[in-house]
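Worksheet for the structure shown next.
Per-chain numbering from 1; labels A, B and C assigned in written order.
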Amino acid sequence: MTKSRILVQLDSDAQPSVFDAVVAVDSGVDHLLQHGSVTLDQVQGLVHGAMFTRAPSDLHNTAVFIGGSDVVVGESLLKATTDSFFGPIRVSVLMDASGANTTSAAAVVAAGRHLDLAKTDALVLAATGPVGQRVVRLLGAAGANVKAASRSGQRAQHLVDRVTSGMANLKIAAVETSNDDQLRKAIKGVQLVIAAGAAGVELLPVELRTCNSSLRVAIDLNAVPPVGIGNVDAMNKATELDGVVTYGAIGVGGTKMKIHKAALTRIFESNDVVLDIDEIYKLGLELEA
Amino acid sequence: MTKSRILVQLDSDAQPSVFDAVVAVDSGVDHLLQHGSVTLDQVQGLVHGAMFTRAPSDLHNTAVFIGGSDVVVGESLLKATTDSFFGPIRVSVLMDASGANTTSAAAVVAAGRHLDLAKTDALVLAATGPVGQRVVRLLGAAGANVKAASRSGQRAQHLVDRVTSGMANLKIAAVETSNDDQLRKAIKGVQLVIAAGAAGVELLPVELRTCNSSLRVAIDLNAVPPVGIGNVDAMNKATELDGVVTYGAIGVGGTKMKIHKAALTRIFESNDVVLDIDEIYKLGLELEA
Amino acid sequence: MTKSRILVQLDSDAQPSVFDAVVAVDSGVDHLLQHGSVTLDQVQGLVHGAMFTRAPSDLHNTAVFIGGSDVVVGESLLKATTDSFFGPIRVSVLMDASGANTTSAAAVVAAGRHLDLAKTDALVLAATGPVGQRVVRLLGAAGANVKAASRSGQRAQHLVDRVTSGMANLKIAAVETSNDDQLRKAIKGVQLVIAAGAAGVELLPVELRTCNSSLRVAIDLNAVPPVGIGNVDAMNKATELDGVVTYGAIGVGGTKMKIHKAALTRIFESNDVVLDIDEIYKLGLELEA
């Protein structure tokens, strides 16, 4: 008899995410075990319960999803999960706290539809947030020349140091964008800008967006008005605006959802995958092919 | 592919109700997402998770149930839920905290089997509780002449003011029933009495029940002995007693359960219904037809 | 229509056990209602929700599982559950907090494959723990001559007093094993030793295990190295070692899992069974037949 698909949802928030739960159900999960307020010390017991209940040949039908609004906590829950494995006795795991992995992967996938990323000069606004730092990492790994921008030059530099640690070939530079002059200078000559800021914060006003004639693609990941890039509506999806291809948060959302579901499907195909940002982006590229 | 039915159970109690969960499963819910200790500030995130995961044409397969033993909190959770909707992007919702809506609807439906409510003089005992106030509202809206009784005349008056606010045509009066004389006077001439008191409190002793020759129907909603209306057994279901048709809490329970299940079915037929007391009573009437 | 199988999982831990949940799903449970941090005062409401939602003829499709790492709390949750029943209006319940019931039953079942328990002299190490005391009880009830050993003679005596209370025919004696001399004396002449100690504590070193030529079967229930009985690997399953049949924790685990699943099947066959240690051991024996 085929075992039913069981997903263990580990969420650091008090209420486990309904969003993640519905997507799991729609991806074919039969039984969802929802756990909220999950702390590091609880992970091993929960993951061992997933590992030690089914025969090794059935373990691909049990998997772990790590969510919650705090991405840093999510990363530590992921580590605690993989630290609980015993060699081949393990289950697959998908990490998408705050949707940061699927969102950043979708944004870079969208950019790649219109640009050869390896030859692109890119500016990432609000680069130090959970989505921004993943976008920087993915663009850098794709060979782009990346400016990682933050209102704090120091925070931007810390991020760049972290992302490029042990990967000297990445072309990533920190830039401070605490005023319009710095912003105007930062955007000069780039073909791609991705804004990964908090809800309701305008990062790039219209006049600065349109002052750069080399700009080809602008992607804004903030769905709550005011949008992060002036006049880029949340619904925009490869929408031309002043000669620039633009995407809004909802326009990227369809790709994000496809990647999320493909990742949920993937973790039930074998018991040995760990889907974090790089693997999720790779899945996103495969969906485009 | 038809989407499976997902119900988001928002319960203000620490442990989400097993009662509500079993009824949901028996009404065809495929996946139940149970949330306990739900607070007002958590509602929007949970409801948005229900709204933003499926295509608009599939949204009728996701719904919200609001439960918990505290009816006032349940009302505020309902408001927070509907406040989270964005125009047509919404899901249907059923509010039945403490079973107050289905219980009061079932009681009035039962009364309507034997009386023309528009021509009925009714007495509601313990009218200020969550079930009592809904019974008063439904009887009043059906055109009955209602005495809303409480041991505190002031609380009774507050209730009447609230229920009749903006509905001047309702015939509802407050009565104080803090002693037997007041009670004897209150029951005089009524054809219907409904007792909606707390478990184990006798609201109407036998001698007062039988002193009114005009009484036709007596309904007691307290299942825990001593019953709320003298000698009206909890199992009574249209049972004649001293020339009066009587219902006990369990006797009304079958109708309550049918209404509860019909309401759960209804919220999966479209994504735009909000089932609160008036809509639930209307459903109950349709089941009688 | 056949009702789906609903299992109410009452767990005293903050996170309800994933282990118990997966086994429940694999035993045919359709809907699992998981409750963590369950306290005594919450049990009645939860159990009444299971009792009062389906017709009596359907009640066998709803059942309660009691888990959690604290076996003493589990016992009190079991009592609160059965105290909530009203005569024939009840549901079946399985108690296996910390896996203590299925583990001890599996150990004694394994021993019974190789020995006539009624004619066996047995030594139980760490007898005062939740698994140990159940092993003592089962061996005693099977007619064995049991030495219940603890590093504290007083605690061992308290256990024996409790187990033999009202059952004067049981042959159970307390022994203190706080040093090697006491241990050597305790093991002398026994055919069976079962070690039920905490993870990572060696209760019986190799030299003491091999000093008793009458020993036939040695069972160790600790899976975390160092094992509880010297050189008895956790994977051992009727493995001969120095002329003794040995079982390790994982070797017993297969039988434990079969018993666990059979118990979960059993509680959905009728609505009137309470599966605690004695009933679970009986089920284990039936599986051997």
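The rule we apply is simple: a contact is a pair of C-beta atoms (placed from the backbone, for glycine too) under 8 Å apart; a residue touches a chain by one contact, two chains touch by 3 or more.
Just so you know, these numbers come straight off a predicted model, no measurement behind them.
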Graph class of chain-chain contacts, one of line, ring, star, complete, other: complete
Homomeric contact chain A-chain B: same or different residue positions, threshold half: different
Chain centre separation (chain A, chain B; CA means) in Å: 46
Sites on chain A at which at least two other chains make contact: 34
Residue numbers on chain C that touch chain A, as the complex places them: 14-23, 25-26, 32, 34, 257
Residues on chain B engaged by chain A in the complex (per definition of touch): 3-4, 6, 8, 30-31, 33-35, 37-38, 42, 45-50, 52-54, 62
